[in-house]
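What follows is a pair of complexes built around subunit A, which joins subunit B in one and subunit C in the other.
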Partner chain A sequence: MYEDKIRKIAWDLLEKGNVDFIIGWEKGSLPFLTAPLICRDVAETERLVWNPFCANNLARYLKYYKGGKEKIALCVKGCDARAVSVLLREEQIERERLVLIGLPCHGLINPKKLLENFPDITPGEVEWEEGILRIRGKEENIVHLLEGSCTRCRYPDPPIHDFLVGEKLGEGYAESSEVEDMLEYYDKMSTEEREEFFAREMERCIRCYACRNACPLCYCQECFAESTRPSWVSPAPLAFDNLLFQLGRTMHMAGRCVECGACGRSCPVEIPIDILPEKVAESIRKEFGFESGLDTGETAPLLTYREDDQEDFIK
Partner chain B sequence: MKTLDWEPKIVAFLCHWCSYAGADLAGVSRMQYPPNVRVIRVPCSGAINPLYIFKALREGADGVLVSGCHPGDCHYISGNYYARRKFMVMKNLLEWLGFEPERVQFSWVSASEGQKFSQVVEEVVESVRSLGPARKMIKEFSFDVRR
Partner chain C sequence: MKHAGIVKKSDFITWLASREAVITSERLIRRHKELVSSVSAMEVRNVKETVFPGFGTLFSYRWEDRRWIIEDIPVTAKKCTVLVHPCEATALNEVLDRVFMNGEHPERDYEKLRSSLELVTIACEEPESTCFCRMVGGDPFRRVPDTLFVVPLEDRLYVECEEPNVWELWKKCVKVPSEVEKEIAEKEKKSREALPDPPLSEEVPEQLYRLFEDEEWDNIAWKCLNCGACTYLCPTCYCFDIHADGRLKGYQLRSWDACMFPRFTLHASGHNPRPGYRERVRQRVLHKFSYFPMREEGRFGCVGCGACVEVCPVNWDIREAVQRMVKKSGAGYARSS
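On to the complex of A and B.
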């Protein structure tokens, strides 16, 4: 069992005093949800879990320990590890302070899709063990239940890690023909449809900033959205201001976004807001051949330039 | 909304070393160009944050013109190269979301190109005029929310 291995590693790390605390997931207070868990005591490691409902990107929590001395062990999925790698590149945390417990990820299950496909399901009826999903005792294919960002996952294995729990998976679902890429669905829309879709979605936004707060790479001391002098966007949740907030956020993520989809999963009104940064990440991959968070030492695409960059849009 | 006496409002971000001087040259050479542009001088096109452009649109500009030095001529050596990448990413995103591409336009104008500056302004004003007042995702939707 992978969970036992994680608990064992966590136990050993705490017992030997190699780290001050472990950040992982524990069972949530609602079915099909998990909550982040910070254990400082060996006894708490029993509560750690690892399943396809571990939606939080735990790299987010590193920002709260910036500049400190504590050593941190962090459970990382593929995308979490990429986020850690970006934070390391941007000097937000020191590698010596981190112990990364890498978890090759089979994809996250969207609880809503699960309930649609299996009405009246209870948490006890869902079993997940070493990459195999069993629902009511029957083996099920996870691909129809995946979260949007996981349908376009390219790196299920953590590119940086100190421990690895489980087998490396190699390819993500992006190459698989079984899975429909979330972004393709929006790409197929006509521009008018897309515009209307976003206008409608933006009217529903309540500007709770959960998307920003869930993002592992949003660490500005003062966010432009809450700045009052100058005030970039109105703090009231007006549709156009909501859109501008998302555009500003997306531009901040350009060339950095690791496509973990944490922003979309955090949205309380279920706006698939992760498609904006993911669209930009895709256009950057196509245009500059750059993928964020792979620990290659390459300069971020917007921090460098080539003299022959495309400029046919400039008069 | 669209009335006979409506005139497009264009906010122009001009870099201090080239385009702003180009606009100045157009002025002192008595070249005619539409008075619809409101010029904002910035140190360099690389200093333009996409938020400036969004803010201009939010405050009711019908179009935005961003202008800097030609590639290779930047006073700060490479500011406009960085700007070019940034604008490309931004423009692709805006177009994907259904913004009319004519609303946000870019140009390179050097200090000696007064003629080109007046031409660019004319083109921008005309293309925005033919689109009409900015309504998509701007006024229409912010009014919608208050209903």
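On to the complex of A and C.
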């Protein structure tokens, strides 16, 4: 079983003193949830789990260790590894300090969709082993239960890793005709409909900053949204300021966002906020042929300067 | 003194529809759609929004003829009937009221909004996996003082209150048959049994305070993202920020703030007494489970509604945090009654 392999790797790394701690996921306190786990002791590695409910992007925790000396082992899905790759490029952490336990990912299950499709289901009735999902003993296709960002996943395999647990999957769901791309749903809206949609959603935003804090790539010491001199955004959760914050964040993510969907999943009032950075990521891919976090050595298009740039305004 | 009665569901709905305005919480709608669907009830995510909104205007100001002109903007309140569960009613009655109204300096806007509310407490028959009201001295069938306590039955409702004269609905109530009394007692027992966490003992606040410097806080706090999801959706978290919107002309606003944010305690000097996640998470736990009860006659600053557990993006569970520290302190639990 993959979980056993992860635990074995983690145990060995700690036992041999190769790392100071392991960051992975453990069983959550509620059904169909996991929680991030830090293991400093070999005995704790028994608690590590790996299943389609490992929703948190663990690269998020690397910001705590910037400039430190600790050696860290991190469990990474495709999108987590892409985020790590961006952090490396942006010199937020050193590669030598990381041991990446790569986990090819079949996609995350949205617990709400699971309960809608299978009312009254209990955790004991959901089995997951090596890519096969069984619900109440019957094999089920995971695609109908996927999180929005997973429906458009292009890189289920971690592009960088030191260990790989499981077979490489190659393609994600992005090209699959079976899966409805959630972003397309918003793309189909007219400009007016979209305006109305965002106006409504921004009324609901409480500005708790869960989206920003769950993001592996939002690591600014001082966020522009909380700056007081000057104050760009009102601290009061007014719809206009909420939108300003979200758009500002989206622009900061352009060419950096790895489309993990952590921001959308973290929202306590369920605003599908991941569609903003993901839409920009799509534009960057289409306009510049660039995808973030693939360890290609290329610089992000919005961070480059070329004298022969075709746009006039740059000169 | 307790007065109990039975009322027809149709009479209850007619009474509700006759109220000036009805407000209810998201979780109550989830469970009792049939009670509120026929009246146009306003839905709030969190009951504290009714008395302590996410943001509000305190006064306006402008610089004119070389002097500041300040105009007061008092809040407007209208009479509302609020349908909530016992945990939510307790949050208003016993936590927020103590903070904003019952002390030496009642807060004007709060008092005005709060006194325009009448609370109807609907018993909680199906505690969820996030619920823990019993742990903090609550009960799913708690008769919260000054509220109308209601247990929905098949086609009627069981109603209980202290002052029948206050409630117009009382005229429609009849005597409770003994079999209904039995039914209520059974429901109550069943609901209580669904909440396995026993009440925390009276020593907990003191004992936790002694663990202020304990290194266990590091492990408890590590995974927390330091966002404000838990505090903003908590019915008892009451911290706020005051800020001016506009330089020579504008409004003084008040909006929610949270101890989870680094800027919350940042001094003008640049010093921050709560610099890391460890200090901030400890503050949230100790404020609710130590400082507040030590100051407020043992009343925990948490009502066990579980909203924070439900919304946390990393499944940071306050029950686990408290239980871990309680275990460490040796304070333990009260003998279960």
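Throughout what follows, the second predicted complex is superposed on the first by the 304 of 315 C-alpha atoms of A that agree within 3 Å, B and C clash if a C-alpha of one lies under 4 Å from a C-alpha of the other, contacts with A are read in each partner's own complex, and residues count from 1 in each chain.
The rule we apply is simple: a contact is a pair of C-beta atoms (placed from the backbone, for glycine too) under 8 Å apart; a residue touches a chain by one contact, two chains touch by 3 or more.
Keep in mind that what you see is a predicted model, and the values were worked out from it rather than measured.
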- Give one word, clash or fit, describing how subunit B and subunit C relate on subunit A after superposing. fit
- Task: Using the superposition on chain A described above, determine whether A:209 touches subunit B (first), subunit C (second), both, or neither.
- Result: second
- Applying the touch criterion given at the start, work out whether A:166 contacts subunit B, subunit C, both or neither, answering first, second, both or neither. neither
- Task: Considering only touches as defined above, state whether A:238 meets subunit B (first), subunit C (second), both or neither.
- Result: both
- Note on the structure: Of the two partners subunit B and subunit C, more of subunit A gets touched by chain B
- Message: According to the stated criteria, A:123 is in contact with first (subunit B), second (subunit C), both, or neither; which is it?
- Response: neither
- Message: Can you report the vertex angle at subunit A, computed from the C-alpha centres of the three chains with subunit B and subunit C as the arms, to the nearest 10 degrees?
- Response: 90
- Taking the superposition as given, does A:279 touch the first partner, subunit B, the second, subunit C, both, or neither? first
- Just subunit B (first), just subunit C (second), both, or neither: which does A:265 touch? second
- A:131 contacts which: subunit B (first), subunit C (second), both, neither? neither
- Task: Could you tell me if A:28 is touching subunit B, subunit C, both of them or neither one (first, second, both, neither)?
- Result: second
- Note on the structure: Superposition result for subunit B with subunit C: lowest C-alpha separation, Å, rounded to 7
- Message: So subunit A touches subunit B in one structure and subunit C in the other; where do those two contact lists coincide?
- Response: 237-238
- Message: For the complex, give me every residue of subunit C touching subunit A.
- Response: 45, 54-55, 129-130, 219, 222-223, 225-229, 231-233, 241, 243, 245, 253, 255-258, 261, 263, 309-317, 319-320
- Listed in rising order, the residues of subunit B that touch subunit A in the complex are 50-51, 54-55, 57-58, 71-72, 78, 81-82, 84-98, 101, 105-108, 120, 123, 136-138, 141-142, 144-145
- Message: So in the complex, the part of subunit A that touches subunit B is made up of which residues?
- Response: 191-192, 194-196, 198-199, 202-203, 224, 230, 232-233, 237-241, 243-244, 247-248, 250-251, 254-255, 276, 279-280, 283-284, 287-288, 301-303, 305-307, 309-311, 313-315
- Show which residues of subunit A lie in contact with subunit C when the two form their complex. 28-31, 33-38, 56, 60-61, 206-210, 212-214, 226, 231, 234-238, 265-266, 268-269
